[in-house]
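All chains are identified by letter, namely A, B, C, D, E and F, in their written order; residue positions are counted from 1 within each chain.
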Amino acid sequence: MIRSHQRTPVQIRPVRITRHYTKHADGSVLIECGDTKVICTASISEQVPPFLKGRAQGWLTAEYGMLPGSTNTRMQREAAKGKQSGRTMEIQRLIGRSLRAVVDLTKLGERTIQIDCDVIQADGGTRTASITGAFVALHDAIEKLIYQQLIETTPINDHVAAISVGMHQGVPVLDLDYVEDSSCDTDMNVVMTGNLGIVEVQGTAEGSAFNRKELDMMLDMAQQGIQELIALQKKALMTE
Amino acid sequence: MIRSHQRTPVQIRPVRITRHYTKHADGSVLIECGDTKVICTASISEQVPPFLKGRAQGWLTAEYGMLPGSTNTRMQREAAKGKQSGRTMEIQRLIGRSLRAVVDLTKLGERTIQIDCDVIQADGGTRTASITGAFVALHDAIEKLIYQQLIETTPINDHVAAISVGMHQGVPVLDLDYVEDSSCDTDMNVVMTGNLGIVEVQGTAEGSAFNRKELDMMLDMAQQGIQELIALQKKALMTE
Amino acid sequence: MIRSHQRTPVQIRPVRITRHYTKHADGSVLIECGDTKVICTASISEQVPPFLKGRAQGWLTAEYGMLPGSTNTRMQREAAKGKQSGRTMEIQRLIGRSLRAVVDLTKLGERTIQIDCDVIQADGGTRTASITGAFVALHDAIEKLIYQQLIETTPINDHVAAISVGMHQGVPVLDLDYVEDSSCDTDMNVVMTGNLGIVEVQGTAEGSAFNRKELDMMLDMAQQGIQELIALQKKALMTE
Amino acid sequence: MIRSHQRTPVQIRPVRITRHYTKHADGSVLIECGDTKVICTASISEQVPPFLKGRAQGWLTAEYGMLPGSTNTRMQREAAKGKQSGRTMEIQRLIGRSLRAVVDLTKLGERTIQIDCDVIQADGGTRTASITGAFVALHDAIEKLIYQQLIETTPINDHVAAISVGMHQGVPVLDLDYVEDSSCDTDMNVVMTGNLGIVEVQGTAEGSAFNRKELDMMLDMAQQGIQELIALQKKALMTE
Amino acid sequence: MIRSHQRTPVQIRPVRITRHYTKHADGSVLIECGDTKVICTASISEQVPPFLKGRAQGWLTAEYGMLPGSTNTRMQREAAKGKQSGRTMEIQRLIGRSLRAVVDLTKLGERTIQIDCDVIQADGGTRTASITGAFVALHDAIEKLIYQQLIETTPINDHVAAISVGMHQGVPVLDLDYVEDSSCDTDMNVVMTGNLGIVEVQGTAEGSAFNRKELDMMLDMAQQGIQELIALQKKALMTE
Amino acid sequence: MIRSHQRTPVQIRPVRITRHYTKHADGSVLIECGDTKVICTASISEQVPPFLKGRAQGWLTAEYGMLPGSTNTRMQREAAKGKQSGRTMEIQRLIGRSLRAVVDLTKLGERTIQIDCDVIQADGGTRTASITGAFVALHDAIEKLIYQQLIETTPINDHVAAISVGMHQGVPVLDLDYVEDSSCDTDMNVVMTGNLGIVEVQGTAEGSAFNRKELDMMLDMAQQGIQELIALQKKALMTE
């Protein structure tokens, strides 16, 4: 397998994180992982959903979408179809859970952070890029709350990032692009914190099942990739 | 933690598999895992979805639902709301993938097997019970095809079953019921074949992240539970 | 016409009523009329719909569904289609009206009883079986309210049950199964109380119209069937 | 009870049937029953629904709607809500069945007649007025087919009309307007043919149940009303 | 081009405005422009949408629909399809904006006027006829408010009416019927007040673009037509 | 009124057109008009909608959307709401009509060009920016068809671009941003070709009506702006 960007199996794609990408949202990031490009925004509203009213805590939720022209052959627009696909729902629930894992909602106050991840160009790994990018947008939105003295200390207690990993003819391969994803026997998405705590593991055999040894190799590789991604998040957050 | 049915952390709930539970579907199973009860049916139709037409292969897909009265407080009926929730979509996609992992669709001919899993009483683990039960319904539907001489050999190449496992105060616990599920820090669903191949691993930290050692303990325990479930599937399939 | 279960034209199918069938709902009944099997639950909630707020009375409403695998050829799941069919709506409105006819809503207090009738196996007469079974589930839910001292006296003022009757080649036939229903010229559903008051009569000519004498014969037969069903309800309610 | 239009209990409201009311549909009728006004159109299309293809027969189906401003307090527009109510579905199914009862679909050829009944002013009895008026629109559409030599003989084998009847303080009352409908204990809709064959009987107790004697009185009265309505249909059809 | 009703290019079709057309709505008008016939009603409700609560002003909004049988070949019913088309949405937004242009909402009090325009026969110009007719219905509803002493002075500060105009082979043509509309290169809808203020201009090239001189000719002609329509509105409002 | 970017009333905002912005669509353009940023893609599919089958011509249609985070306060996602707003429908119909005005569909062959305009940052004039940018994306898609020798000559027969113009305290103002748009009495969108043919004029009085003289001033100004935009389109298309 010859990989895009002349990568070895264990190398991630070039990543670029652009903060303040659009001007209206409280946090706004363009994340590019190779040819996958996602706009991640975080919008704060001063209210919580009904089930949390009066509980002295906040909420964080996420939505995900793909521009119709972002994919190889044009995707039907979900707004025009009148419903979101199962895949979309699954991904946006994953993004929300992943970010909530590093946010202490009781420190957020009675407000909601709405994350939106919209893919403008897709080349594999859109859900993991969304998580990695959305964390930075979330960070910026929280900084704004602190700057406005609406909260005193950050409710964020760790970094979180995500990456995909697969098995290709017995070899584990990190950060799959679209072509690689299609040719792998197993596709696994891993979400981890800066502390190397696992937030989500979702491994799926496409074709034949995988064994524990393969699972371990994939997890090792994913951990390494996530450490690199978190270093890149930190670097992006250092500049103003 | 005192467990229902006086179980130790590593014990699964009592399982009962009733075949030929209803009379119309090609395969029909009631699976009871403790107080969780799911009707699993498999219905064969002599056509495939458009994207597979003329490809000399079959298809298998699954749908999942809960009766409104199956849960602790009545759930809203999805047919009345006019759409399926993200959770429902996620679960039915998982059931479909899990069963496809043990079926050679090229041996099925141009026909579709539709799996339906409908929860009539919920007490945790409805998605894993659905997979375990649906495998038996699928088996019966395939037997019918063979009996009718529509196919010669079975396209099923292994058993598949699923179980949940969680971490409770540092201790791994197998086959969580509803109360246990709510009190665990981590919830993991594992789908495995008779060969101990992993088909799906979905581990989610609810609260704090988990580490590799915890993951390993949970996987060990899940493997043991799945071996028991597959033994029960085999026993159920031996009787006529 | 040779009838299933060796029945004469005036005999109803064997009926079995299982109370406390599932554990969460306030009332839960499995009713089996021959091969037609319906789970009927009654769930109480401590609120009324907006149009009844502050009127010192309760409400009772019903929903109906069929499991996809319950019918001869698999039915499409209404939750997946995103809407309920006209037939479903018609049936659930009928169930609600029929039960409200024997309930004094002012004695219920400001609470709602939600009836759910879900067909797990269909062989004709699912709507009438639903009414007959739902009455027993309703009864159990009301008993629970009384036991909890939330109300003092029962708002139920009579039994209610329902049966179908048809004309087959000039002969009236009671309690039609699916095959009979398809071959009859007329299909009539009758809902009556223990006092032999008529709550609903819905007679439809399929093919040629029927005359007053035929209508009378069918009503006589229906009345007899309903008396038997109410006796069975009473018997089921006597055991604990 | 003082009735509108100084009617005795057994008198129907003044009826006016205007044929060729609008110009595009193949049959178009405005029926006015007292203050209830319904536009009924019949539109022919040269195809049948998929389930009837190649069966050498036609189809007839009906839809029903109410203009938002047709009712006492404005009704929400169903097109804006995005779905038809259960009541609408029930009524349009009734209209379709009633008209199919007098049409020999095998004589229609492979074409569909679409009936539309749209209430422009509602004052009780909109569903029965729809049936009575739609029969005339259907008749005109069929005449057009014969005139165009697309069919040779009419597939219509009898008249059909409908009326409501209720019990008010022990007295049967014919052709209820909105105020009367609200004050009656029982509401029954009867659909009959010119031959006095019963096509549909739908009697519903609102409040207390009714007995067989009351049912008989109501049916007698309905029969008389329907005979008058059919005479009025015949008169309307005689003029050109 | 030979025009219907022997019209010259600059003549509008015969117009008939019938007030008090139906009895329930606060204002109810049938407007007939040639063969185009629209029922326009205005219904008042004593509340405003949430975004206007507590702002001491009212609201006016409009909905538009076509009866399925109103068009040349039967249109699908939007309530049955479950959504309104883009065309419908565009038209109802236009009607609402046009009427709001002549209403001082602060003088209306915290109430909403809901306009409904339902086409019962279509022959071109349904949206412009809707605006012209709806103004009269609005006027009657406002008169009722004044008569009931709910408001003191009318919030209506001018008349408003609308007409279509097109370019046909280099010649401007006023008030297009359906056949003319289909053969024109340009279709323009103009909404003007009694003061000759322009409220809306919507010109669309169907085929080739038009130039400024053509635009001017069309606007001149539209202005003349609107003056005639406003004279007809005034005449209709003078009678009681 | 102090304008953004120190503009005089007649100056348009700085425009940047980036071609080949994303890699999958056949044409892909980012257009930036001041702070309004829209991704416009053109996707070709080798089929036409059913109503054009066998007519030896192609089709062009457009869809429009806004990212939830693109606006001042977060907009609800239309895919999540399950339907497109009236505004969205109106805009996408306008974009489609505008581009079809300069395309000879008979020269396109039996294929469809799908335009997608997705706003990633909104600051007024999103519909006009969409048209101006989509033309360039369309151009690139057509070039690809020619390059692939699927068509011989371009079906595009002129440029098309669009701009907004308004009246602010008696002064016409070109290319309104969001703040200006809110403070103007009149908002007009004009779509013109390179030949200065008018494709669409949509002028709406918000507040008080406008007169013919004002209309003329606005059209003059719009024409000037569109000439500038078309020059910028040409410049962008010259580079490769």
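One rule holds for everything that comes next: a residue touches a chain if its C-beta (ideal position, glycine included) is under 8 Å from a C-beta of that chain, and two chains touch if they have at least 3 such contacts.
By chain, UniProt protein names: A, B, C, D, E, F = Ribonuclease PH.
Computed from a prediction, not measured in an experiment: that's the story for all the values here.
Q: Count how many hops through touching chains it takes, at the least, to reach chain E starting from chain D.
A: Contact-graph shortest path, chain D to chain E, evaluates to 1.
Q: Tell me the rotation angle, 0 to 180 degrees, that brings the C-alpha atoms of chain C onto chain F, to the nearest 5.
A: Between chain C and chain F, the superposition angle is 180 degrees.
Q: Could you find the chain whose CA centre sits the greatest distance from that of chain D?
A: So the farthest one, by centre of C-alpha atoms, is A.
Q: With chain centres defined as mean CA positions, report which chain is farthest from chain C.
A: Result for max centroid distance from chain C is chain F.
Q: Give, as an integer number of Å, the spacing between the C-alpha centres of chain B and chain A.
A: 28
Q: Quick check: how many Å separate the C-alpha centres of chain A and chain D?
A: 59
Q: Where the centres are mean C-alpha positions, what is the separation of chain C from chain E, in Å?
A: Once rounded, the distance between the two centres reads 50 Å.
Q: How many angstrom lie between the CA centroids of chain A and chain F, rounded to a whole number?
A: Measuring from centre to centre gives 32 Å for this pair.
Q: So which bits of chain D are touching at least two other chains?
A: Only 82-83 qualify.
Q: Follow the ring of contacts from chain C, passing to chain D on the first step, and record the chains in turn.
A: Order around the closed ring, chain C first, chain D second: C, D, E, F, A, B.
Q: Using the touch definition from the top, list the residues of chain D that touch chain C in their complex.
A: The touching residues are 83, 85-87, 89-90, 92-93, 97, 101, 188, 192-193, 195-205, 208-212, 215, 219.
Q: Give every residue of chain B touching chain C within the complex, in rising order.
A: 22-25, 28, 35, 37, 39, 41, 43, 45, 63, 65, 67-74, 77-84, 88, 114, 116, 118, 120-122
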